[in-house]
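Multiple structures follow.
Shared chain: chain A. Partners: chain B in the first complex, chain C in the second.
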Partner chain A sequence: MLDYILRRFVYTLITIFAVATILFIIFRMLPGEPTMQVISPAMDPAVQERMREAFGLNEPVWKQYMIYMKNLATLEWGRSFVSAQEVTDILGHRFWNTILLMAAGMCMTLVLGIGMGIIMAWRRNGPVDLIGTVVGLIFQAAPPFITGLLLLMVLSYRLGMFPTGGMYAPGARPDGVLDLLMTADFWHRLVLPTLTVGMYYISTPMLIMRDSMLEVLGSDYIELARAKGLKSRVIMMRHAARNALLGVVTISGIMIGFAVGGQVVVESLFSWPGMGQLMVESAAQHDYPVAQGTFLMLAILVISLNFLTDVLYSYLDPRIKITAKGLS
Partner chain B sequence: MSNPQDPLLSVRNLGVVYNTSQGPVHAVSNVSFDVRENEVFGIAGESGCGKSTLIKALLRLLAENGTATADRCTYRGRALMDMDEEDFRREILWQEISMVPQSAMASFNPVHRVGDQVIESIQAHRDDSRAQAMERAAELFDVVGLEPGLLKSYPHEFSGGMRQRAMIAMALSLDPGLIIMDEPTTGLDVLVQERILRRIREIRSELKSSIILITHDIAVIAEMSDRIAIMYGGEIMEQASAIDLFENPHHPYTLGLKNAFPSITTLGTELISIPGSPPTLVGPVQSCPFAPRCPFDDAICHSANPEAKEIAEGHIVRCAHSADAARFRELAKEKSTWLS
Partner chain C sequence: MTNDTMNRRAFLQRTGAAGAALAASTAVPAFASAGQPVESMSVLTANASFDPVRPEMGRLITQAAKGIGWDIKLAAEDYNLGIGKVFKEQDFDMFIVRWTGRANRIDPETFIRMQHHKDGAYNKWGYDNARINELSDAQQVAMVAEERQALVHEAQALLHEDAVRSPIVYPSMTNAYREDRLEGVVPMLGEGIGSFWTDINVSVKHGDGYVRTGQTSPLKNLNPVSATDSNEFKELRMIYDRLAQVDPTGKVVPWAATAINIVDDTTVDIVLRDGMKFHDGMPVTIDDVIFSFDYCTKWKAPFFISSLEKFESVSKTGANSLRIKLSAPHAPLMINFFCSFFILPQHIWKDIPEKAGIDDVLNFANENPIGSGPFKFDYWDRGKELKVSANMDHFSPPKCAGIIRVTYGSHDAMAAAIEAGECDRTRYILKPALVQDLNKINGVVGAGYASHGFYDLGYNVRRGPLADKAFRKAMDMIIPRDVIRDVIMSGYAENGGSVIAPANKFWHNSAVKSRPTNVKAARDVLAAAGYSWNDDGKLLYPG
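On to the complex of A and B.
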């Protein structure tokens, strides 16, 4: 299994490398002169030239690429054109904010979705199954900006039950992640964006879990488990749910990828100071270093989560070892 | 209540109907048989004749669309069908009647260790600690000729033969009164089959359990069983002691089956298979189910389903023309009889 994980890890690194390269190409193909923000055309042409040299913009493209890769690896991600802050510093804050919101959303999605899926399969064609399917599909059909707006309109503006956005009250910026987690206000503000994310994605694990459960329940080992006189709860959890989980783990890698994308919408909607919001802001302000860093960071996040999914899968399915041996 | 002469398992007029979109499928009809203490009762018949359905009905494992009815179905005097779900699970399943399923390959859960799956069947019925149960499992593995160290393996690390042995070990775990083996050697290669059968024979001589041995291979059943039932179209066509059935077969289907499988005595003679295919079992049967494929059929066979007749002590035949058996036996040896 270690073998397998190691190989997946190498693939992960290669993927990140490929994404970084694509980013390099895209940012050089973008219309407009990215340096306009810094090197004003109004400056003395000689000064402009010297600045170009300082930025390495006179070098041939392949050399620029080498410098770019070296800087990425050494975490020299440049400074914001707008605030002159280090990109890595900006991302450092934003990263955790995004992770907190995503973790809350995905936990709700997976825990609730898997639990519902088990119940729906257990009592298939019963009321829970029917309502779950219909509600799940309706939630899935409604894009997050619609659900989010509705939640905001009703629960925040109309009923005043929740703040309209942000992670903390204005001026109450906490010192670190831990401090933040200690404030009740933070959890209060987390509810609506989490609901928005959760509602949109819950149908995926729920319906997949339900269907894999039903498939597993028809298998020979379930029949034997029944013949062994095991309690139905044990059959459902230890045999059926445990195996059906494999299907959900496979799909959650993909789902989390989409969820990172959805993060952009949710963060903008709820003024959540995460990477999604940062991406929109920096793109609007032509803050190329920040935009580039955010893109890369989000990509690394998706790729790493996929890697973790693979590791989890190989832990849950002992047959993976064989596959790994077969590959090597 | 049970007394020593009573059969271990007694079944009268068991029927199973599957509800399907094509209408009701009568997978098992009018099945009556007894399994005595300490015997091997063989059930043979082509695929699809209802063998698995029959045992699933006994163990309450029928698919959701299946319903079983019976005039009697008792195990050591207890009416199985009247038992409460929870009592049946705790007191009968595995504890009294265990099984070796038809597909040992697919009957282990791929994500749990084989040993854990063996002890799970022990711990579901006894208060054994994990260590005690493991010790018992190791003992059982030894009995079926598997290294106890293999308990730590996952099912995919086992060959087909090893899985089958592990299944047998598991079926033995609680010293049940009855072990049902559904085609325990189907799908294994011949050498492995032979080894598994030898192992079953060995275990049998040391064991107090009775065995219901199901197979579509009449040669296997012949050498293993004390008494045999031949099934066709969901019904038992002929039932007798192994010796009677082979020396004095009565039903044309039994004759056909014997022709279709090689055995020591027929070695060198040509194998003849019965033309045609088994009935679909949709809708109720108004005639002998074998009549469409029977070389000796006449109008009577097609007008009514014959009653089962006891033609000798313990020898039961369901054929309108069982009196003509001697003539059928001679004719059945000719290939032309079956092809016309």
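On to the complex of A and C.
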């Protein structure tokens, strides 16, 4: 097992190295110059050169790459071209904002999605199954900017039940994440973005769970459980649902990873200062250090979640063992 | 001599006259295509996500060009990409841009010299007119305002006659605020109610006394040495004092300096106000001012270095006064420098960047800015909000408890926050249609305020028919300005004419009028210049 984990760890490092290299190349291939963002093109060419020097952009690309990789290895991710703040500080700040939003959204998605999937499979072809499938597909087809905007228009603008956005009331900055979590205002503000995220993603675990459950419910051991006279609830939850969860677990790791970086629209709509917004801002501003850091952090998150998914597999399905050669 | 020959000659003369000094190569493509259809070109604009107004203007203009038989296409691209094409590569045909009404642009230097002198930093159109070069050089060194005004007026008339570009509309600063919360907002030329004068004069009728100010673009930087963006200047000027300020009408008024005296064309005397203190309690001295000049010169502060390089020497002349000797007269210095430059506390900045562990001050984040301005820094929650509180020890203390600058994800989100009472006012432009909607809500004022900025259709005069003054004039005459003003701008604009807007009263030449939209007259101008149309109605080059 340890051998397997070590092997995976090495693979992970290689993948991260490859992603970091690709990111470096991609951002330098973008049309336009980073200095255009932070200094007016009308300024003296000598001043523009001065800015390039300050950012290290006057160095040859290969040298920039070497510095970048060295900094990456030493966790010195540099400073933003735009704000001059340390990239790690910026990422740390924005990351938790997104994590709070996504944790709520994913909790809603997974708890409701899995629950609904179980019920829909158990009551296959009934009205719950039909309505659940149709509603799930509608939610998935509706982009978050539509559902979010509708929620805002009805529940916030018209009925005034929720604030229009932000993580806290202007001027009421809490002292740290714990303090933030203790305020009722934060939870109040979290409702609409959570609903928007939840509605968009819910169909994925719900329909996968439903399909997995249907497959499992046709298995011999379920028949045997029924023959033993076990209660329906016990069969559904203990025997069917646990085995059917595997598919959801697989997709959840990837879904959560992408969800962390993919909430540009929700974050813009609800003025939520998270990673998605940062990603767009930094890429548009050619703020290489921040843009590279943001994408790299997301890549690391997805790779790590994949690894965790593999480990979880062995826990959820005792038939699967981790061997030196991998999963078997 | 045939008519064709005459037409060709007339065209040659006209393109030559469009500026005696238009580079000869710019006229060549027109002759090379004599009698041929005028080639299709494109109008470059920022895309709708950056500014919803520009692509709409572009669409109307491309549509209108069909009226003269010319096929042009709209190229709505990422703003930065477009800026790069225009300013770095000069790879564009026509370009729609908004010149915002920043305070430093009240001075005619930007709109006359920088944009039209052959060596002007913003002159990416390839325009080169000997008389304009002379006028723009002369206005730069004319230290007597009235003399300078006459030169600027002449330049405006000549630029309009040359139709070197088409100011489309002068947009108002469309802002909104909660009148049931705020009292004493002070609109300023080019800045509307987002102005510094509102910051220090506004009071809050109830609540905690803080003015919640919304903006859609996040604050990027709080380093007064490296800042170049007007968004940063709007926040930094609350924290750091400047020697002078531009007042709400656009005039220069003393601020931290009680007097800025122009002794002669190259000598400026400055007297610093007594009793000023930085937010950490240390006194503001004339040595701090001299240090700030030296420091920004040493580190080549991007926004200020071009002005500082004109300083021959700075000497202390008294306990609270100094004298600047300039290497040459420079009229724009007053607004462009004295009204922009921040006074830095020497006791803090003398150790920067070394103390911060970096090698360049441009990489200094200045996480806890200490200035002497009317507001003290509280916190900056990146991407979310900046909070500053009133400095009651200031010589002009604010009437509110402080300002909270909140970043909203979009114009719609900001408008909704104003409607819901979560935001008190906008700092910058709000979409005109939203302003109209907000104005219908009780307790909210949505309005347009005078600005000297403008939306502009710029022509690359190196290319094809755009080298021809008559052609550019015809283009100027087909722009549907009334529709753009009334529909796209929801009425919050005036039709464009001169490159200096009427709102900039002292510098604007009122004899320069907007050309009325008249497609028939435009066709007549083209016909008189030798252009013709084929059977399909396509415009043909003279010849």
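Basically, the second predicted complex is superposed on the first by the 276 of 328 C-alpha atoms of A that agree within 3 Å, B and C clash if a C-alpha of one lies under 4 Å from a C-alpha of the other, contacts with A are read in each partner's own complex, and residues count from 1 in each chain.
In this section, contacts are C-beta pairs under 8 Å (C-beta built on N, C-alpha and C of every residue); 3 or more make two chains touch, one makes a residue touch a chain.
Because the structure is predicted, anything quoted here is derived from the model rather than measured.
Per the contact definition in the header, classify A:P163: touching chain B only (first), chain C only (second), both, or neither.
A:P163 contacts chain C only, not chain B.
Please indicate which partner A:G229 is in contact with in the superposed arrangement: first for chain B, second for chain C, both, or neither.
A:G229 sits against chain B, while chain C stays out of touch.
Which holds for A:D211: it touches chain B only (first), chain C only (second), both, or neither?
Neither partner.
Return the chain, chain B or chain C, that is in touch with more residues of chain A.
Result: the larger residue contact count on chain A belongs to C.
Looking at A:Y221 after the superposition, I want to know if it touches chain B, chain C, both of them or none. Which is it: first, second, both, neither?
A:Y221 contacts chain B only, not chain C.
Considering the complex alone, what residue numbers of chain A touch chain C?
Residue positions touching the partner: 31-33, 36-44, 46-47, 50-51, 53-54, 79, 82-86, 90, 93-94, 97, 152, 156-157, 160, 163-167, 169-171, 173, 267-273, 277-278, 281, 284-286.
Per the contact definition, I'd like the list of chain A residues that touch chain B in the complex.
Against chain B, chain A makes touches at 219-221, 223-231, 234, 238-239, 242-243, 246, 316-319, 322.
Enumerate the contact residues on chain C facing chain A in the complex.
Those residues of chain C that touch chain A are 78, 80-81, 83-84, 87-88, 114, 121-122, 208, 210, 212, 218, 220-221, 223, 226, 228-229, 300, 302-303, 305-306, 358, 360, 362-367, 379, 381-385, 387, 404, 406-410, 413, 416-417, 419-420, 422-423.
Can you list the chain B residues touching chain A in their complex?
59, 61, 89-90, 92-95, 98-99, 101-103, 106-112, 120-121, 124-125, 154, 156, 170
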